[in-house]
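Shared chain: subunit A. Partners: subunit B in the first complex, subunit C in the second.
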Partner chain A sequence: MSKPSNAIRSSVPEKLFNAFNHLFFILAGITTLLPFVNLLAKSLSSESAVISGTVGLWPVGWQTGTYRYVLQNAMFLNAFQVSVLVTVVGTALSLAMTTITAYPLSKPRLRGRKWFLLLFIFTMLFSGGLIPTYLLMHNLGLVNSLPVLFLPAMVNVFNMLIIKNYFEGLPDSLEESAKLDGAGNIRILLYVVLPLSLPVLATIALFFAVAFWNDYFAPMIYITNPSLKPLQLYLKELLVASGGEFLKDNVDAALNTTPQSIQAASILLATVPILLVYPFLQKYFVKGVLIGSVKG
Partner chain B sequence: MKRSTTLAAQTAPPRRPAGYFRKLRSDVFKEWDLYLLLVPGILFILLFKYTPMYGIIIAFKDFNIFDGYAGSPWVGWKHFEKLFHSADFVRVFRNTVIISLLKLVFLFPLPIIVALLLNELKNVIFKRSVQTIIYLPHFLSWVIVSGLFIDLLSTNGGLVNKALVAFGMEPVAFFLDSSVFRSVLVTSAGWKETGWSTIVYLAAFSTIDPQLYEAAKIDGAGRLKQVWHITLPGIAPIIVLMLILRLGNLLEAGTEQILVMYNPTVYNVSDVIGSYVYRMGLGNQDYSFTTAVGLFEAVISFALILSGNALSRKYLQRGIW
Partner chain C sequence: MKRKYSWLALMIVFALALSACGGGGGGGSEEQPPATGGTETPSNEQGGQTEETGGEKPELRMLMQYGMFDPATEYTAKFITEATGYKVNYEMLPAENADEKLNLLVANKEEFDIMKLNAAQFYKLATSGALEPIDELLAAHGNHINNAIKPESWESATIDGTRYAIPETGSGIAIGEELVVRQDWMDELGLKTPTNTDELYEVLKTFKEKKNVIPLTGSKDTIMGDIAAAFGVVNEWNEVDGKLVHMAEMPELREFLAYMRKLYEEGLIDPELPINTAAKAIEKFSGGKAAMYKLAWWNAGNTISALNKNFPEAKAAVIPFLKNKDGVAQIGANAGTTWFIAIPKVSKHKEDAMKLLNAKLEPETFKEMAIGKEGVHHEVKDGKYYPILPKFNDDLNNGSNFLTGVDETNYPIYWQARVRKDPILQSYYEEFQKNAEGITVVNPMSFAPPLDAISKNKLKLGQMLNDHMLAIISGAESLDNYDKFLETWRAEGGADSVAQANEWYQSTK
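Up next is the complex of A and B:
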């Protein structure tokens, strides 16, 4: 680079850089949002417009019948209910289980702590694999049941370590003074530690909820019964059936919609719950990730 | 359980470890409630994680579901010999490594660059809005992302093909074309995770001492020089750590994404170990062979992670976990 007068030289390229940098992020933002806008436009466009492929970012031949159809579709509604049920029950149980496991492991005085931790961490590094796991579920009679969608995921070692690290950061004096008052470990956990740990618990609860809501792999492996299929599995089948008989048979010809619009509407409706929790997620997740990256 | 340990401790000859177990026993007795909290978690991982590890023995047997684990005959290394001579496996292994490496080469540097650029944004509201938008795709499922891309890349009115046609090019059937499908996998993975992956680097920036920048400014270093001489060296340990973690996942090329997005026309370029085990194992019920394939993957991944951890300890003075 050339030498002359520092102050002037740096300001012009810097302005240029700033302009390009802003432009870059505006483009990045558009790239992220564009697919949604396109999908929304498709879901609200008429049959002829979608079939002729003229829909871009704005609906052509406005209609809302697609949403009415999807929201009245028994399979969609059933899948939605299954997903809500699995997410709520799974998150509650997993959070409880992960927390009570993290607490003793956060105490350096726990004799054998190293070995217990190793027992848990080893499961992150090595696994029996898909087939032995499937056979186990089969032998337990869990295939084609809803518990199989959350029971195996309940002790999430990664989340457990985040909570454990958070517990380790709490001052010991709290526990000691509660002990002097005669409280046992479980009482201390419930009434002293947990109320102080709401941010990390909220983060982990949201992580669990998003993971359960988005899970496709477990239902794909274990669920074949149509009435037990959660939303992601239903959506995947809807996508595969694109333009196929599966939808054509089911769609009323008078509805002025297409399988593509139905897919679009279903995808967007399945995203709504994520969008609803996203503001909360955002508030907590950065903190959660940071806690996680601090080594215990 | 407590009784049996007591009994064992009484009858066992006094060896050295007994001292440890006696202390453990007295601790368990003193703080039984603390240990009690551990019981459900341990039972769960024993059942759901360690029992399948025992199930790996079927990789060395001709397993059939009627004879079960114990009844099925041992066959030694038969399935591993088959594996190393199977053209299918070679193809699947190749695909796995290629897709992983493509993702590594294109998607590993990207969040670092984006994080550096984000760091240069001085307008807080603009910066926060950008972050809000680019973090979002991380929270969508692969099924949803796949749906978005199927639509975006469709030959019937997909925006990308519209643009191609507008520039006078032929439309491309992205999901059915073996020559471009891997790029679809890499691009959609980048779209989903790049924004989110910046977080860890942004956090690392905040650990850099601001005085270094002040000093550099006084010495006349421009922004680029500051990035090169202060920011990058400052986050180098995190970059290396992330790289090590990625290498440990070399044989997990994104199974869930691929299972959601691929189809028989592109199996030749996108079938990876995970998807192959799923199709052959559960689809064809070739349990023993696919367990062998899974074990092969698990052992290599385990070795990679352990070496990564050793490297990390040696050069970064911290382990991965």
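Up next is the complex of A and C:
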């Protein structure tokens, strides 16, 4: 008789613990969502309601004109195109380059492998500095061009190491049998190794895509031609140019500030597209990072 | 701190960039070009421009300050090409870290033909030898420029007797901010409009006791202004007995700070003053949480219409500038040069650059750049220029970014069309100016040439002083220790600034 009561007794704190845990994480989740809800509400509210701070989580003075305005804004659309282009091309190229760098480095039979690795890791720690690098880009004719936004960042050593580790985890016998069937290195990589590495590739692709989409520093340094500016730079400047510091002593700029409701709509429209990528790659995401990192 | 990290991150990216060079090229070719590769990204060229047949005019490259628009598609850019025959490619500094970016561009000898710079940028480039002296070019090709710009403005762009830029003075002397109060509450409480700081104190106190609102809100960036002026701190630099005195060293500043401290201590100023941005302060005023705010006229349109929407019975009124202890009201204003239009030494088209700048100041061309065509963009009513909306906004909202020097006699008149876009904005602008008429004191440093110590230290010292004043008002620092702060302020460049300012000031007499 005592057993069931025992079980019940022990399960009460456990249930409590679980309930608390769930509650905690649900609350934490909601906390991260709230800023988005607030932005959404602002973007759908009338400007006077936004200015006077009456908008919380629900729109006040409903309107959708902000979205119509942003989606018809030539600068926004242009920046959006640039961002999509840079993200798609950049991700594809980076993934290819990083993969073909990682593959040879994952093979112990590569001569001088340690040294090559050391060279790569060296670049993670030291660099030429901003101005020399700018001069280099300039001499290569890359300043004020789209490739400067993805070419210099094509091999990411950190991501390369993740892929390398994953490759090292694949059983050697697979490759040996492919070799026995007469496949060369390239064929082995393309038809044996890569199909087995989809999880890690998807993960790294996501890393790259998010990084390219969110990059604003490189364009800020290299791009002065307004029609080549990507979305994040546009957004950053939209917000800075509407802030106090920028408007000091610049009456004409102060007369032309972007309404806060339009700022909110722009932020949402610039953030949501990359968020939409996550659900599709989520399943690989968790699996991929784990597999790459657990060795032996 | 954040910026440090992003620089660090950039370094790492660069490191990667270098390593990528070795394996680049062929490796990427196995990737198919992605589907979006076909979408055209607009290139450098301005689309749809008619090819100039006017002969040998080269394309010029101009660097402008940041603005929220694409210069290539702007009406004004097209008009300039039409009117002058020069095709200009416009590029912009970023809104943030503009100075760093400018340094990069200059260090790298980017071949700009024209640059629009602010005072600090101009001084730095001019003294480091990056800008072309323009005296000879002006004599040869600058007839319209010489007519348009007044001698005292030239002074601001002259270093050791040589001119390095065309000064752009902007819209003339105008008062930006004045205290605005909820008149409906004043009436309700039977209060009279305060005329000096003692009366202001009583009004604020009554608001606090009877309405339980924030009596006076404000933003951290603009603590000076009409209350300070009522204590005698009118401008950043003030003439006292024939000498220039910086406001930090004025005994009157301490009186002002003591007064503000008293208000803060008694809860008469927004307790969040030291962290408020202008947007936050406007939020409080238009949201009915604060009774008084030093409003800038360019924010008046938004603020007042939001207030009226939230509280249809609300009425806002401007408080005329307060009188000082001698019963006299005064208010300070800055005049002088906002932008400097320079031709960099590396330019290969210096003469053409000057010809373009000159052609832009030809009176008719300039007028059309400033306010467009009559009947299309503006109309004239009782001698005043009024914008025709929405055409004026569509075409000319960003127009002033393209200006390179202004017709100093007429531009302040043209410019007012911009204020007449919105009746509320216009009424506040006009009321502020009317209240300030006859009592405006122009900062005596407005027309000083660039002075070394001031150019170098102005921003830093200004920030330092502002932070310290906020600390005193909020009680984090005691006013008794102000002398100690002043010592630091002097050591950090304040003493040099005062010395050089006076050296210049005596030389003008």
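The rule is short, and it goes like this: the second predicted complex is superposed on the first by the 243 of 296 C-alpha atoms of A that agree within 3 Å, B and C clash if a C-alpha of one lies under 4 Å from a C-alpha of the other, contacts with A are read in each partner's own complex, and residues count from 1 in each chain.
Keep this in mind: a contact is a pair of C-beta atoms (placed from the backbone, for glycine too) under 8 Å apart; a residue touches a chain by one contact, two chains touch by 3 or more.
Bear in mind the structure is a predicted one, so any value in this text is a computation, not a measurement.
*Asks:* Do subunit B and subunit C fit side by side on subunit A after the overlay, or clash?
*Replies:* clash
*Asks:* Looking at the overlay, what does A:64 touch: subunit B (first), subunit C (second), both, or neither?
*Replies:* It touches nothing on subunit B or subunit C.
*Asks:* Name the contact category of A:270: first (subunit B only), second (subunit C only), both, or neither.
*Replies:* Only subunit B; A:270 stays clear of subunit C.
*Asks:* May I ask you to decide whether A:128 touches subunit B, subunit C, both, or neither, giving the answer as first, second, both or neither?
*Replies:* both
*Asks:* Please work out whether A:177 is in contact with subunit B alone, subunit C alone, both, or neither, and reply first, second, both or neither.
*Replies:* The answer is neither, since A:177 touches no partner chain.
*Asks:* Taking the superposition on A as described, I'd like to know which of subunit B and subunit C A:17 touches: first, second, both or neither.
*Replies:* It touches subunit B, and subunit C stays clear.
*Asks:* Mind working out whether A:236 is in touch with subunit B, subunit C, both or neither, as first, second, both or neither?
*Replies:* Once the two structures are laid over each other on A, A:236 reaches both partners.
*Asks:* Does subunit B (first) or subunit C (second) touch A:152, or do both, or does neither?
*Replies:* In the superposition, A:152 touches subunit B and subunit C alike.
*Asks:* Between subunit B and subunit C, whom does A:217 touch in the aligned arrangement: first, second, both, or neither?
*Replies:* Touch status of A:217: both partners.
*Asks:* Would you find which stretch of subunit C runs into subunit B in the superposed arrangement, from 147-155, 273-281, 453-461 or 471-479?
*Replies:* Between subunit C and subunit B, the clashing stretch is 273-281.
*Asks:* Which positions of subunit A sit in both the subunit B and the subunit C interface?
*Replies:* 51-54, 97, 100-101, 119-120, 123-131, 133-135, 138, 151-152, 154-155, 157, 217, 220-221, 236, 260.
*Asks:* Can you list the residues on subunit B that touch subunit A in the complex?
*Replies:* 23-24, 27, 31, 33-38, 40-42, 44-45, 47-56, 58, 65, 114, 117-118, 120-122, 126, 129-130, 132-137, 139-144, 146-152, 154, 156-159, 162, 191, 195, 199-200, 203, 220, 222-223, 255-256, 259-260, 274, 277-278, 281-282, 287, 290-291, 294-295, 297-298, 301-302, 305-306, 318-319, 321
*Asks:* Okay, in this complex, where on subunit A does subunit B touch?
*Replies:* 6, 10, 14, 17-18, 21-22, 24-25, 28-29, 31-36, 38-39, 42, 50-56, 97-98, 100-101, 103-105, 107, 110-112, 116, 119-121, 123-136, 138, 151-152, 154-155, 157, 160-161, 184-186, 189, 210, 213-217, 220-221, 232, 235-236, 239, 242, 260, 263-264, 267, 270-271, 274, 278, 281-282, 285-286, 289-290, 293, 295
*Asks:* Report the residues of subunit A in contact with subunit C in the complex, numbered from low to high.
*Replies:* Touch list, subunit A to subunit C: 46-49, 51-54, 61, 74-75, 78, 81-82, 84-85, 88-89, 92-93, 96-97, 100-101, 119-120, 123-131, 133-135, 138, 143-144, 146, 151-157, 217-218, 220-221, 224-228, 233, 236-238, 240-241, 243-246, 248-256, 258-260.
*Asks:* Spell out the part of subunit C that touches subunit A in their complex, as residue ranges.
*Replies:* Listed in rising order, the residues are 6-7, 9-20, 23-24, 27-28, 30-31, 33-37, 39, 41-44, 63, 66-73, 90-97, 101, 104-105, 107-108, 110, 170-171, 174, 176, 219, 221, 277-280, 282-284, 286-288, 296, 298-299, 302-303, 305-307, 309-310, 334, 338, 397-398, 400-401, 418, 421.
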